[in-house]
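The structures come next, written out as structure tokens.
First subunit A sits with subunit B, and in the next complex the same chain sits with subunit C.
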Partner chain A sequence: MKNHKVIVVGGGAAGLQAAATLKELGVEPLIIEREMQTGGKVRRWHRLFPDFTSASEVLATLEKNAEGIETLCGVMVDSIDATGVTLAGGRHIKADAMVVATGFDLFRAELKEEYGYGIYDNVYTSADIEDMLNGDGVRLKDGSAPGRVAFLHCVGSRDEKVGQPHCSRLCCITAVKQAMELRESFPDAEIYNYYMDIRMFGAGYEEMYRSAQEDGEVRFVRGRISEASPTIDGRVQIKAEDTLLGRPVKMTVDMLVLAVGMTAAESNGRLGVGLQSGGFIAPRDLFTGAVYSPDAENIFYAGCATAPKNIGETLNEATAAAVKAAEFLLEK
Partner chain B sequence: MDGFLRYYDHFVLPFTVGMLVLFTVIIYKYVRWFVRMPKEDRRLVARGIFTKKTAQATGEVACEALGHRKIWRVNPTLGYMHMSLALGWFLLIVVGWIEATVHFSGELTAPHTHVFFKFFGPTSHPTMTGKFINFMMDFLLLFVLSGVALAWFKRLRSKALGMRRTTRHTLWDRVAMTALWMIFPVRLVAESAASGIDGSQSFLTGAIGRWMVDEFGIAQVFNISAVAWWVYSLVLGAFFLAMPFSRYMHIFTEIPLIFMRRYGVRSGERASSFDHFQIEACSQCGVCIDPCQLQADAGINHVQSAYYLRDRRYNRLRREVAENCLMCGRCEAKCPVGIESNTLRLNSRSRLNDQPAEGRYEYLRGVDGSCGEGRTGYFAGCMTMLTPATLSAMEKVFAAAGEDVWWADRNGGACCGRPLRLLGEIAAAQRMTDHNVELILRQGVTILVVSCPICLRAFRGEPRLADIEILHHSQYILRLVEQGRILMSSDTMSYVYHDPCELGRGCGIYDEPREVLRRLGTLAEVSQNREHAFCCGGSLANAEIDSTQQDAIARTLMAQFAATDARVIVTACPLCKKMLARHSSRARVADISEVAAARAVAAATP
Partner chain C sequence: MSVNFGYTISLPRAVDLDRNDFSVALRVLRRLPELESCIGCGGCTATCTAGAFTEFNFRRVQTLVRRGEYGGAYREMNKCMLCGKCRLVCPRGINTRAVVMTIKRELGTGY
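Here is the complex of A and B:
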């Protein structure tokens, strides 16, 4: 096996962008992706916030830029060190530098069993909604259109009880975007968002949130849902506290959507690089060393492997990591 | 009185003073503690004294205080060390007393004449009995010395005796311990010197005495003897003086504790004078340190039962030490003295946190989320509401069995109170328990099935519910199967079972869940199971540790399960289920009700 210049671990948005940038800079990278095709989590999205750009358009651009780059799909990287990567099964591939772009895992909504995901009908995650939007559209289990929908923010984020103390940042805007998409599909539906804080950090996000309230008539209730239970007619009863009114709320909805957070990739633990307390990979520092590894000078980080990020931030970081990797090879 | 004066030398003074102080302090302490005990507890003692319990207690004292049987079970080397010191010393005193009494023909003499008999009396006896006694005394001394040698070795290298960690001690403890370690080597020198002067033939002291005379000359041996007896008396006196203020107080305190325990006296959720007997019966042996998962996984080294009891004894208990405990009971299960450290810790917490509950929780009066009718009650508990798969499973089980069920908290209910109780808020907890007890009694059920082991423990400890059979759902499901009311099919699925602390060590329910699983498929076991099972880390009793520390505790537990290759990790507590589920990547985690309900069908009607 030839000695690769740079191995990019992960073929999602960050990996594709990093690989494309390296190629542009004249370094031939190798992408190793554990799934059967590249594209990562972006592939599952329908449209992106805050302007409803089609996710497939963005992905098409990323893939076009990365065209012709050597890619191993369906191959799992077990660990990395300064000499290269070791694949699951033990094979070692040598490289001069590595860009780790392993992304994140979606929070398993089953762990918040009180919301009944996987137990009751008509409880979905935000990822399921994207699947439905990519398919035949959003429908209840019996195929009918929902009359009342509740979105719940912060499922698996900012929740010590499930060991996820961090904010996943994107679930707020995702729930708002999906609420507006449902409004589009079901003009007469009642749509609620249950939240504890609304965090609209990106350009255009706050505007989208405002538009959801004013134009979309999406109702926002400050209070986390404490538990859900099924009704005899297949609907879901939710209990919450409206903390602005200081009143308990009991509501029966046709559909409960859980805005699931981003958790550190489970595979991070095996990689052999330093982790932060929540399991995300630890960069050298959070300011001027965000793409560097403190473990080895030829390992670089990009994207959600180190913290939850949106696509724009991820692509910028991937570019930066690729440039720094190329610089490292040049100086060597 | 003649004997008192005839056998006297100044060197006996330190010993005599020490002994007098020792017994004065001990008697003062015991009388004071006993008199201050609640009247009901003293009545229990009075009622128990002339029953067979006294004989049983005497037997237990021999086994435990002398033989250290329970330490033997945990760790044989450590058991031998403690036994050689306790039993060896005890027999030395008894045999020495016989030897002296025979020699003085029953003449009334001071205690020091027995203790320093080899100084005042002859070191050897020509008769067969005398030779036997000589041999015994040397043999017993050797026996004790072997224990002392092990104790020295343990201080240097605790791992060698199978203890990863050993206790850190107070100044009193260090004084007493140093004295104790010197007593027997010095005694060996003193008795050997006396034997050498006498020309005794005994195998140990006689032999060393002869060697001393050969080596140093008889005049020098006289000097050695004079110094050695003084030092021996001094270290004995120092040990006795320090003992009632040190951990060695356990030597005597375990005895009244064993008796009172046999008579039925227990510590409670509010502190009582009886607690002193438990606290001072702790030998600080440190057997409780290794099983503590806070120590092993979370790096917390100052809260274990030995330290908690020590701090409480010396009135320097800090809130954090009382509260930083999972109350899982692993250490209690291993305690050689059987100290109820969880109960004691609970009453420390109640002293810190309990406050009157009048006027609080008035809203409870209106809470009644019960529904259905039946002689069988079902109390899910608030944590089960958060694991609704268990609710669905129980619904299916009840339907398959054709049971008419009264659901106590179907549409919401009040907490059983135990979580607050564990944090020491006894009065508030009692209000919640009262609310539930009244609700349950009003309905008149004969059986109450409970899904949460925390609630189960709360209700089982409630005297007003004594006429109702209170079962965990694992027990109930097994009963339905055994009675033929539901049928369960088995296949090749592999299970491993996690014992929840409150269900296992708390309620003694280990077998029923396993029996259910054996009827479903194959059951693997982990090494730390049943009364030694690990806590999942999610205990409600500890509000001190953070989630990363909880995670560290859970990971050790999960590693045990992963080693079994079982495909389903089954537990029987909603809290454990949540904790295990988020740490399990491959194996499925389920409550026992879920796996049972998935295979349960109604028995064909005859």
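Here is the complex of A and C:
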């Protein structure tokens, strides 16, 4: 099977895992990654829910397994068809099969203007918090430590107004994880999480939520923040309804963190494969055909290209897609 | 001659989904089917101009109407000033002003 070439589009968690599996199976994979470096979104994350595993540890394992695999970085794939991929610029690379692992985009929080991201100081996204945790730690704009923090769930998820009707699934547990990381950094801080529904779908997630309530003393308020406004002293005033009390609440916080959702990768539209209504790529079906493309028998899907998934689900799916791609080549 | 012993019978507090009359709720939902998609996030009430100073709670009143609990709903909805801020924040894209007007029209001033 050595002569068979499989192009893996995307070098994030799914792409690295798929390529490593293909190599193990004796197929020659080629990873094409648009960024200058593989690793995808995992590279930006500091620690992972629900057990605070270091993201770099997970990434190191993935990269070690994918060592020696031919990789094109800084190269954008424009479209895909049964013959191979066409790069931006027009160059065509032939392949016997493709694994599409193009991942997702983070929701651009500035689209929710009412929260003032990019306009007011001290309004951050969950990804900004990860950047700070990877750097010198979480600080306010003026460099001081926050005394009062509010997290808002569902920013760019379950929201028709910004064309994101789906639940991104992972933001709830991410907001809980980050609330606990802030608790660790700032033992005396007041930490609030504003939510519409808490969706703890994975193993160990509900336990982490409970631990945030009990050990982390994180206060959970059931209500969506309707708007934020800056105060004269650089803090952020937020308004919500405490729906369990049936009364409006307002509070002023030092820092507002927007738990941004996962949106379909913008590049999906150009690829030339079928999409779902929300822009994620459409697999053959959601049950027995999740890794197959309905468009061509030699195109396979892995990871968040088709829907929001956590890293474990992504890696399992990448393994499955690689195995199915190799099986397809063997039968050819 | 009846003697008043000072006892009264308390009416049950439960929302009685067996006996409630849903006809008005169904008429409202037929006109505005998207109201059924409310997830109760409270964004409308949080941003409500009228609710800032009165007990008016749009989320609660429209939920009560959908459950067939109409008592006081017209009077409550009358507190709405139709400013439309709730419609701006609703993540389900519900036409909240139309909900106010439709509930008032379907119920009539008797409630």
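Throughout what follows, the second predicted complex is superposed on the first by the 328 of 332 C-alpha atoms of A that agree within 3 Å, B and C clash if a C-alpha of one lies under 4 Å from a C-alpha of the other, contacts with A are read in each partner's own complex, and residues count from 1 in each chain.
Convention: contacts are C-beta pairs under 8 Å (C-beta built on N, C-alpha and C of every residue); 3 or more make two chains touch, one makes a residue touch a chain.
Just so it is clear, the structure is predicted and the values come from calculations on it, not from any experiment.
Q: Going by the touch definition up top, name the partner, subunit B or subunit C, that contacts more of subunit A.
A: C
Q: Go through the superposed model and pick first if A:160 touches only subunit B, second if only subunit C, both, or neither.
A: both
Q: Now for A:110: first (subunit B), second (subunit C), both, or neither, which partner does it touch?
A: Only subunit B is touched by A:110; subunit C is not.
Q: Of the partners subunit B and subunit C, which touch A:196 in the superposed model: first, second, both, neither?
A: The second partner, subunit C, only.
Q: By the touch definition at the top of the document, which applies to A:61: first (subunit B), second (subunit C), both, or neither?
A: After superposing on A, A:61 lies clear of both subunit B and subunit C.
Q: Return first, second, both or neither, reflecting whether A:231 touches subunit B, subunit C, both chains, or no partner chain.
A: It touches nothing on subunit B or subunit C.
Q: Could you look at A:242 and tell me whether it touches subunit B, subunit C, both or neither (first, second, both, neither)?
A: second
Q: Just checking: does A:223 make contact with subunit B only, subunit C only, both, or neither of them? Give me first, second, both or neither.
A: second
Q: So, A:266: does it touch subunit B (first), subunit C (second), both, or neither?
A: In the superposition, A:266 contacts subunit B only.
Q: With both complexes superposed on chain A, which partner does A:37 reach: first (subunit B), second (subunit C), both or neither?
A: neither
Q: In the superposed arrangement, what residues of subunit A touch both subunit B and subunit C?
A: 114, 160-161, 227
Q: Over in the complex, which subunit A residues touch subunit B? Could you list them?
A: Within the complex, subunit A touches subunit B at residues 108, 110-111, 113-114, 116, 119-120, 160-163, 165, 227-229, 266, 277.
Q: So in the complex, the part of subunit A that touches subunit C is made up of which residues?
A: 114, 154, 158-161, 196-197, 222-227, 239-243, 246-249
Q: Any idea which subunit C residues touch subunit A in the complex?
A: 39-48, 51-52, 57, 59-60, 88-93
Q: Considering the complex alone, what residue numbers of subunit B touch subunit A?
A: Answer in residue numbers: 385-389, 392, 546-548, 550-551, 577-578, 581-582, 585.
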